[in-house]
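These notes are about the structure you will find just below.
Per-chain residue numbering starts at 1, and chain names A, B, C and D are given in the order in which the chains are listed.
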Amino acid sequence: MQAAPPEDSCRDEELLACVIRGLIGDARHVAVGNASPIPAAAALLARAEGQGRPYVSLLQSRKHNFFTDGGRELFDCAGRGRVDVFFLSGAQIDGQGNINLVAIGDPARPQVRFPGSFGSAFLYYVVPKVILFRTEHSRRTLVAKVDFISAPGTSAPNVYRPGGPVALITNRCVFLFDKDKGRFRLASVHPGHSAAEIAEHTGFAYDAPETVGVTPKPSVQSLRLLRGAVAGELAEVYPQFTAQVFGRRHGSAS
Amino acid sequence: MQAAPPEDSCRDEELLACVIRGLIGDARHVAVGNASPIPAAAALLARAEGQGRPYVSLLQSRKHNFFTDGGRELFDCAGRGRVDVFFLSGAQIDGQGNINLVAIGDPARPQVRFPGSFGSAFLYYVVPKVILFRTEHSRRTLVAKVDFISAPGTSAPNVYRPGGPVALITNRCVFLFDKDKGRFRLASVHPGHSAAEIAEHTGFAYDAPETVGVTPKPSVQSLRLLRGAVAGELAEVYPQFTAQVFGRRHGSAS
Amino acid sequence: MPRIAPSIEDALAAVTDGCVLAVAREVSGVAMAATCALVRRETRNLHLIALPTSSMQADLLIGAGCVTALETSAVSLGEFGPAPRFAAAVIAGALRMRDATCPALHAAFQAGERGEPFAPLRGLIGSDILKYRIDWKVIDNPFAADDPIVLVPAIRPDVALFHAPMADRAGNVWIGRQRELATMAHAAEKTVVTVERIHPGDLLADPVLAAGTLPGFYIDAIALAERGAWPLPLPDHYPADQEHLAEYARLAATPDGFARYLERYVHASRAA
Amino acid sequence: MPRIAPSIEDALAAVTDGCVLAVAREVSGVAMAATCALVRRETRNLHLIALPTSSMQADLLIGAGCVTALETSAVSLGEFGPAPRFAAAVIAGALRMRDATCPALHAAFQAGERGEPFAPLRGLIGSDILKYRIDWKVIDNPFAADDPIVLVPAIRPDVALFHAPMADRAGNVWIGRQRELATMAHAAEKTVVTVERIHPGDLLADPVLAAGTLPGFYIDAIALAERGAWPLPLPDHYPADQEHLAEYARLAATPDGFARYLERYVHASRAA
């Protein structure tokens, strides 16, 4: 267990959580799937800053999860337009925003098999703001074309699609997704990273401004909330992550 | 409150309940809709005789009703093939087994408006044994052609229809329904009634044997159960009916 | 977060003239006190949808001139006979009727809950219900040969209104076995609930209570209304007021009698 | 009426070789003790359907050679990584895979519950999931112009199997908020349940308990299995056994290790 860093510096996880919190913006309901501690921290931060708004559903949590209609309720909510923000990842993500959660190679006899698509092939279509999150930023994960489309980044104009990707966050940078072009645009590189490095480690083509900005560091206020109230809530679902990043344990005084 | 008649005679309601109990035969689940005390008595009699089988769902009852998934559960059960016997009635019933629960005249500007079709336009199709029950046997109720088909007696061969009518019980007689012909056949007349009387008071054409039998009277054993255990259970849902027919009140000792 | 409104009238702000209002069947919890408030407020042009049937609530709203269109599987006063104001309005051509059948309404609300455009339903083919429901479609089941099946479009009412045993301060509402109330709220844009009492704790904190709880997430306004289903029953809490219902049936049989009923029991209760 | 079976093995009689078996997701109550009994019994050729995902249960059954076909939205050991026996079987071509997405499975079970042949589902169009699911159809939504939509066929498994906190002697099972367990049982031909304990009273008699109860009408066999979800969690009752799951993940990474796991924890428990 490490002590949290001082307020004038921040950990990578904290930076990413604050970037995501900014992308969440004003929302009524943010849902977070399994094994997503950084998006969960961002959603709880949004609620701490919004004084109770948005509703946050952490699917692994009993406490931060109001569902009482079984496993379908998240999807019913989303289909009915009641999930504003969701997070997805991909074993592969390509430049058109397609995500692959299934396999490398022929899916009938793959070289590698991943767990599966979960709810992505529905949620990616109906949740207005889907934030893609993949910390490993490499040519292995960010590819020209995914081997299997669990869910596509864009759809033909006649396909019902109120939702889709708005951004892709990695450990190196922030891409925003241009829905009309069906392409990513480099929005900022995280402190200590460079545009050239992004180009080197990204397997897909993307747009970029001539000079790319640096991802802004979290405000002191956000960091305080993150390390205080948010870490306390997060520890219920992600005890190891919370202890490691925030030096906090579930049930410890704030 | 009247005393129950002696065991060698029986009331009309008892006769009808025992006729219906015979039609129920062996079933796993008999469901009974609202305002149907005689079918309810028949279903409870079947259970008393079957020592716990069939399950009986009285939709107005809390006790005799296992549903916990809301108002849709009866229909889900029926659609999934889990309701073996149901009862329907009609403001009008015609010779093809069509029932009308909606209106007399043009339904947009009717002369008479009835409550509506309830679940009939589904249950009549999917419940294998639907027993039609209409005590008033007259040319007003049993007509050549209903003014509005809430649910038809038969369907074209390509229409999914595992269910449909098997019989029509009135205060005068028992008709059985011939599914292939789409017609009723007079099966028996109740004691004190005659085939000529049936012809006089029935507005639709039907088949009849040359000599028609008399509806058999309930056995002493059935009457005992009906007036004993069944009346006791029935009183929860139909206190007035039970008091009137069986001389029993809810909660009175058996 | 939904608010506990200071009054029933206040909670009913969402029920505007001309809105599509979904209401519950008699055994699920009918918001009768709120219904009387809608009559007093002279609400107009409601498109009423009963899931899947109604009794005195629809009859009262129709008799009081609040309803322009009605979708239901039936309106009946049960053992007190037909619903007289409903029948009179239909006969007079004063009501745009959409006759349905119970499972069609359940299926349509479930489609609304899921955000899907329609739901399939067996039965119906060859009925006059289907004949008059030009908004329903028949397709060939693509999973079988020569197998026609009805599709009913989703229902997404503007407001769902019902009465329940209790709510907590976070707006969670305990509905128990009446699962169609959850479906109704999920399908509706807004949900207004009256309750017998406020539960002091958090209904979602106890797994046993949570199993019967509709989360406050779906609720827009709650008002306290003790015996708020009266004279209809609130299952497991109080039975129907048989005498009062008999009186209603008797009075509502004529326009004059219905006017006297309103005067005596609906308008008078404003002062009470 | 369902019977309280004398043993888990006895309750599992309905799970025959080659049957279509539906199982629950990890947070709903996974019948792990029963799963081990199926492995010990050398059950073969199961067509396993997870509603909508599975973790160690599917991995164990696949590794033990019980499964021929699998329909699921995912199999994963969560924070303990990928499901190794599942991945190995897919890579070896030893499993007929039907990749789905969670709401498609929920919708298909709901269609099964309702006895309808299919359910519509948004999304999916343009995905490779749809491309490989030749049993799914795309139609034009008849309620709109130029609006393709996917229909998924109903799922009606032969047997549904899950673990729950309690049952009563009439076979009613308390499932609480895990409503998809009711849907699963409604859709299935038969349902087998293991429970932590027998509730002494009638679960349907108390309205608060009844709200979370699946009626015995749907249940074919019940067996007592204390800590029957172990090493997976039973929500609100006990957490996952993290150490054991870590050990499983470690051992199951190789065929030899998996065989040692079976020997140590599955076959050994027969004697215990």
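Quick note on the criterion: contacts are C-beta pairs under 8 Å (C-beta built on N, C-alpha and C of every residue); 3 or more make two chains touch, one makes a residue touch a chain.
Quick caveat, the model's predicted, so the values are computed rather than measured.
Engineer: Considering A-D alongside A-C, which chain pair is linked by more C-beta pairs in contact?
Structural biologist: A-D
Engineer: Averaging over Cα atoms per chain, report the distance between subunit B and subunit D in Å.
Structural biologist: 40
Engineer: On a C-alpha centroid basis, what's the spacing between subunit A and subunit D, in Å?
Structural biologist: A distance of 29 Å separates the two centres.
Engineer: With centres defined as the mean C-alpha position, give me the subunit A-subunit B separation in Å.
Structural biologist: 60
Engineer: Where in subunit C do residues touch at least two different other chains?
Structural biologist: 110, 114-116, 121-122, 147, 149, 177, 182, 210-211, 235-236
Engineer: Would you pick out the residues of subunit B that each touch at least 2 other chains?
Structural biologist: Residue numbers touching two or more other chains: 67-69, 72, 75, 79, 126.
Engineer: Each pair of chains that touch: what are they?
Structural biologist: Pairwise, the chains that meet the contact rule are A-C, A-D, B-C, B-D, C-D.
Engineer: Flag every residue of subunit C that touches subunit B in the complex, lowest number first.
Structural biologist: 25, 27-28, 51-53, 72-76, 78-79, 82-83, 86-87, 90-91, 93, 97, 99-104, 106, 110, 121-130, 132, 146-149, 177-183, 235-236
Engineer: State the interface residues of subunit C toward subunit A in the complex, per the touch definition above.
Structural biologist: Answer in residue numbers: 1, 112-116, 156, 172, 182, 186-187, 204, 210-211, 213-217.
Engineer: Along subunit A, where are the residues that touch subunit C in the complex?
Structural biologist: Touching subunit C: residues 29, 52, 55, 66-69, 72, 75-82, 126 of subunit A.
Engineer: Write out the stretch or stretches of subunit A touching subunit D in their complex.
Structural biologist: Checking each residue of subunit A against subunit D gives 34-35, 60, 62, 67-73, 75, 79, 101-103, 107-126, 148-152, 155-156, 158-160, 240.
Engineer: What does subunit C use to touch subunit D in their complex?
Structural biologist: It comes out as residues 107, 110-111, 114-122, 137, 139, 141-144, 147, 149, 151, 153, 175-177, 207-212, 235-236.
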